[in-house]
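The structure follows.
Here the chain labels run A, B, C, D, E and F in written order, and each chain numbers its own residues starting at 1.
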Amino acid sequence: MKKLVLTGAAGRLGSYLREPLTKLADTLVSTDLVEDIGKLYDGESYVKADLSKLDEMMAVLEGADMVVHFGAIGDEAPFDDILQSNIIGAYNVWEAAYQQGVRRVVYASSIHAVGMYPKTEFIGTDVPHRPDTFYGLAKCFAEDLGSLYWDKRQLESVCMRILSAAQVNNPRSLGSWLSYDDLIHLVETSINTPVTGFSIVYGVSNNDRAPVDNHKASFLGYRPKDNAEQFAEKVLAESEHLDPTDLTHMCQGGPFATVEIGNSGLANMNVVDDKKTT
Amino acid sequence: MKKLVLTGAAGRLGSYLREPLTKLADTLVSTDLVEDIGKLYDGESYVKADLSKLDEMMAVLEGADMVVHFGAIGDEAPFDDILQSNIIGAYNVWEAAYQQGVRRVVYASSIHAVGMYPKTEFIGTDVPHRPDTFYGLAKCFAEDLGSLYWDKRQLESVCMRILSAAQVNNPRSLGSWLSYDDLIHLVETSINTPVTGFSIVYGVSNNDRAPVDNHKASFLGYRPKDNAEQFAEKVLAESEHLDPTDLTHMCQGGPFATVEIGNSGLANMNVVDDKKTT
Amino acid sequence: MKKLVLTGAAGRLGSYLREPLTKLADTLVSTDLVEDIGKLYDGESYVKADLSKLDEMMAVLEGADMVVHFGAIGDEAPFDDILQSNIIGAYNVWEAAYQQGVRRVVYASSIHAVGMYPKTEFIGTDVPHRPDTFYGLAKCFAEDLGSLYWDKRQLESVCMRILSAAQVNNPRSLGSWLSYDDLIHLVETSINTPVTGFSIVYGVSNNDRAPVDNHKASFLGYRPKDNAEQFAEKVLAESEHLDPTDLTHMCQGGPFATVEIGNSGLANMNVVDDKKTT
Amino acid sequence: MKKLVLTGAAGRLGSYLREPLTKLADTLVSTDLVEDIGKLYDGESYVKADLSKLDEMMAVLEGADMVVHFGAIGDEAPFDDILQSNIIGAYNVWEAAYQQGVRRVVYASSIHAVGMYPKTEFIGTDVPHRPDTFYGLAKCFAEDLGSLYWDKRQLESVCMRILSAAQVNNPRSLGSWLSYDDLIHLVETSINTPVTGFSIVYGVSNNDRAPVDNHKASFLGYRPKDNAEQFAEKVLAESEHLDPTDLTHMCQGGPFATVEIGNSGLANMNVVDDKKTT
Amino acid sequence: MKKLVLTGAAGRLGSYLREPLTKLADTLVSTDLVEDIGKLYDGESYVKADLSKLDEMMAVLEGADMVVHFGAIGDEAPFDDILQSNIIGAYNVWEAAYQQGVRRVVYASSIHAVGMYPKTEFIGTDVPHRPDTFYGLAKCFAEDLGSLYWDKRQLESVCMRILSAAQVNNPRSLGSWLSYDDLIHLVETSINTPVTGFSIVYGVSNNDRAPVDNHKASFLGYRPKDNAEQFAEKVLAESEHLDPTDLTHMCQGGPFATVEIGNSGLANMNVVDDKKTT
Amino acid sequence: MKKLVLTGAAGRLGSYLREPLTKLADTLVSTDLVEDIGKLYDGESYVKADLSKLDEMMAVLEGADMVVHFGAIGDEAPFDDILQSNIIGAYNVWEAAYQQGVRRVVYASSIHAVGMYPKTEFIGTDVPHRPDTFYGLAKCFAEDLGSLYWDKRQLESVCMRILSAAQVNNPRSLGSWLSYDDLIHLVETSINTPVTGFSIVYGVSNNDRAPVDNHKASFLGYRPKDNAEQFAEKVLAESEHLDPTDLTHMCQGGPFATVEIGNSGLANMNVVDDKKTT
């Protein structure tokens, strides 16, 4: 592959992807809103660009083979903010990719597109959307956008519904954890699978308690290696009794399942790592 | 019911709904972008309002019990146009409805939210989205919005996926036709069903060739009476042999399944009635 | 058929079945706990018998071809009462039927065996049990008993899950109503279908708003004729706005979905007709 | 349509189709193994041809738009007989149709392709095959052939799985009956539906006791009008008690479910009309 | 956790659980019908109590956080015996748990609740019941009881459908074996999962030939480690050819699938280990 | 086991099976069309026999316990060739097996029976057939034959749908590879499983990218050990960009999904190893 583009390169997850992605293409173009992303890796260049501007996305994606799209507000936020960065931003990425002849969008979708399902249902990759926030709603939008561009324009997409990429420090994360190594493996396989069409896959490690079903995406070859169960004894010992009628504990979306819509103050609710991640 | 609001009241389908809706509430407030909607029915008043402005929606929905939301661009169009009227417009309706204590949104969704499915699959109301156009993509967005507002804010929605409300003048419409009487019945039952939660139902008449499955929405009590088969002999006699590998003929979305994305010139493709409807 | 037995013959539903059942067999033996059931129909005899006594059931079922089992407490009740009449009673009927060579049990099961499902799911006859009361729990038990006696002893059963046989005087009954004529048709077809194995079928009229799916029982030939929609305008006009988050309105079981378990005072909750029925 | 071909035109079902089919095309070419088929209808011509000879099929299908393929041994028979007429014969029809540019094969498949399913399962058109005889096995073969020619060569097929076209004179036929009028309607709609791809539909009247599920074929517009229930009282009165553990009574295939494989003497088992039909 | 209760502590499986359970709570109260259970483990106390007496269960469960309910007749038995110990006993445990504010019942259910399914179907945890004995029927009852108490009273349950906990000494056990280590792991995870609602999970080791599907219970984190395949060569070498039409070999329930209902003499049928277990 | 028969013993896959199979029975009779199969293993004898001749199959199968049926044309071929070897040949094997009292046919079926499904669907063992060639059509026929002989004659079959047994030298084989060790394990478990009825299982190694679902066949105990992912880096590095709209890359059947029907020249298309295998 000649040119790969990474959006959201300055974000928490994007930062981890920069180095591994340089190994998959002659050139990695990292992009984000910051002026400077610090020291560059071999084969990497940085371009400041705003997702909400189609012309800037057009410039960044010129000549690219694929784009790994992680750029977005990574938390619940007021609708107008989500609209600009996560909805219009997604449109700009897919539209520019199409116009520039890019072959595939590898997209950081999220469990929050289906966050209102109870964990007791073991949802697959083919359930209807059931978002838990505006943040999740924008993920739904981008997935449907990917479906449309594949059906109508043969632009492939892999939508990786990341569960949570934080530390394992609460009971939910024993099931939802995606380790950095597994994240990298997931992105790599989403890139190197020869043909994907429009695909959805859950981004979760090989946790004993993983509550989602990736079978229908098996052809992608994603086989996570890490397992949050190593942290179970400690986490459960420190955890209080949880109320089973509280949707925070019963639903896939965790704290997003009960947060007030549009409320960006999730960080103040002491669920820091869940919030920052997907 | 005291107050009912109808958006898109000046549109083709909206016009047909005005009179029947006046019988379901003390007051019907019709709204659209035009200055004047002509002669009003008993109990009806008209308010000019722009869907893309939240404050205007807030004013219109004050004190309303339910809103029947038909306002939107009724054709494929460039993304920026769809964004304003159909995406932001939908957000404004649901958000204003929530803030004003409205109980339910009865929404004119469309088959084009799932237009890329082949008719040979007999899709139900619970298949994942598969839009065929930006127009359909906006319908997907609004449905997911309805799901979110029900799960998080207990605002009910009935999403009526209308197949086609045009005349029966081509082979597709033998299956997809929704007569005006059945449209009215569908809207009425979506309003008078005591409890709906978030529901999806296909808007199609009792056609012999109806290609969609409404069983899961049976509790709504929608039982269409008209049947396009009365027109079959004439329509089929006038129809040429259709190519089965042409997605226009095989897919639920009909001509939308093959139209170029963002192209608003569908009217010139001689599929006038399909385009104007849903 | 030579001999047919009807249990619960003095009950509300049983009373309606006595005359029609006399036409299906040379002899109808009606049975219940009362001393005297009043004027007998041609071909009918009455035997007082206690369901909770196996020997009495053995005597009643001697030489019978089939038994129509409607005898049970027809309301939620303390567990010990349900245990005697509805659980042990069911066992006695199936065991006596087996020992006496009876071919089939036609059983008045109830929607309350699955009453906690939301109506928005359109449940079929093959969903796992989800009872709403001890009353419903006993129906689950009897259905499983019927399954066991078919698989192990080739004694057939048709479990008719009656929704509600009361008047149509509240919104729930617009969907759940089973008219007396349709009840009689259902019992007749459950008897005259040549082979049934172990089957489950919902007892509901052809209501526009019927919330359950009988397709898998289609071979039984049950096609109800009545439709509660004739009462819809009046019932809905008299009904207040219902809270969609109240399980009474959202669940199949109606008021049973929220009644306190074991509480037999449902009659005092103004839901008289729902309570008395199934 | 210019030219339509009917195979098996001298057979019991084929005979009924000749006249109606003349109305659907300028020319109907009827074909069978007999020398002479008697008086011809307007627009009909007759050609003697052997299904087991590819060149004869090639000649018959030259210039045809569609072929209605009813020619085959209509009973269980030794494998070698089935091989020639029903397996090789089917191949010859599809291959000749492809080579001659025919657009669609309308095929008389049979319930016996899935005859070993119990009626209590209400099978749809998408269950895996489960044949009950060599006769049914050949129907499976032809259906798979139709699937192959559609996927690889864009030759359409409608496989009509006829249940039984005999008189209603036994309990099974109360569910399985296909009236002649409904047969004609089914063939007509299979022809006039503009696009079918590869489709399967059950050929059964609108019987109360119909044990199969045609929902997934709804887009074809087949809505049967006749109902065997009109004969139920008489048939059931004359019927003896049936053993529910006898697969003849429990399985879709009826007597074929228990007949010895390859045994063509079904006529002597007093199930004449079942045997002759499908 | 402060207090944990174990019923059936003197039984074969219960005996294995006593020591591990002492590590999960400050106090383990073991209970059974015997006078004395022998040497106690640290933190363990023993109380003799009769499951069929509600007041005794009330006393034992006072102040408990959870109850692990293994007490029951562990074999097929006459109905009256099953009724007292397994049906009324289950009611007493759930009712006392509810009244005492216990949070969860971890229940030893059994494959015999669904024992009549053929192994070729790979049943999940959401199939309808299909019991093979009165023993299995009582398991069905207790599962439905657990469903009811969760839906109506928010008392959680985990129903562990144990396949067989015996030695691996016959072909069935190559698939059905649950090792003691895996049993302990299963009980532990059923206890330590923070939120379970009403859940069903199969109790089976990681056998190559395990015939049941636990995917829907994945969030519980049960990952068995042992595998009966280590015994396969020996067991198969010693096994005779099995008749595939014998339900003992084809059904999940093994010998229970063909034992006469109510017959407690299974021990004399040389299937000792299957009988004693679940 | 006393006598085991292997057909196609001189073929590529058959050759690998000869030695392992000698260990499973007192006598292995290998058979094929060649005069001489070379050096025999202990316990092996060789008989030249023609699959298309029933009497020769009768002789070979006399006294056999099971037959492992790998004999067939292993490539797409003209229909008449497939008819003789793969269709009539299959019939002869099953019919002779039945007449000789053989207990089970272990059959080399193929992914090409369902080759037209896209890999993005993750098909299970219970999807309807969807063959990609005459070669695949014959596999469909043989599977249906196996179903028939089980349902009607209690002759068991295990249909192993082999994906590809070639080297891993192209992207498709990263998912479809079946190693020789896993092939042997699959055949062994298909033989030693005590009861199989009629079963279907995919023959594929434990590849990260395996695109098919074997869960429903879990009771057979097939757990492959090899994983083609070890070759992924090299294979993907050497592979060019693949067109996602080319069915060769999207469908299960690989090059068979696009080869012209009946065309045996697949070897010249540079897909040698795919062609020779299944």
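Assorted remarks:
Criterion: a residue touches a chain if its C-beta (ideal position, glycine included) is under 8 Å from a C-beta of that chain, and two chains touch if they have at least 3 such contacts.
Quick caveat, the model's predicted, so the values are computed rather than measured.
By the document's definition of touch, common neighbours of chain B and chain E comprise A, C. Residues touching across the chain C and chain E pair largely coincide in numbering: over half of the numbers involved belong to both copies.
Between the Cα centres of chain B and chain C there is a gap of 40 Å. A separation of 32 Å divides the Cα centre of chain A from that of chain B. Chain B and chain F, compared by their mean Cα positions, are separated by 51 Å.
The residues of chain D never reach two or more other chains; the list is empty.
Going by the touch rule set out above, the chain pairs that meet are A-B, A-E, A-F, B-C, B-D, C-D, C-E, D-F, E-F.
Residue ranges on chain B touching chain A, taken from their complex, read 79, 83, 87-88, 91, 95, 116, 126-134, 136-137, 140-141, 144-145, 147-149, 151-153, 261. Those residues of chain B that touch chain D in the shared complex are 118-122, 171, 174-175, 207-211, 213, 229, 232, 236, 239, 241-242, 244-245, 249-250. The touching residues of chain F, counted against chain E in their complex, run 65, 103, 154, 156, 189, 192-197, 199, 215-223.
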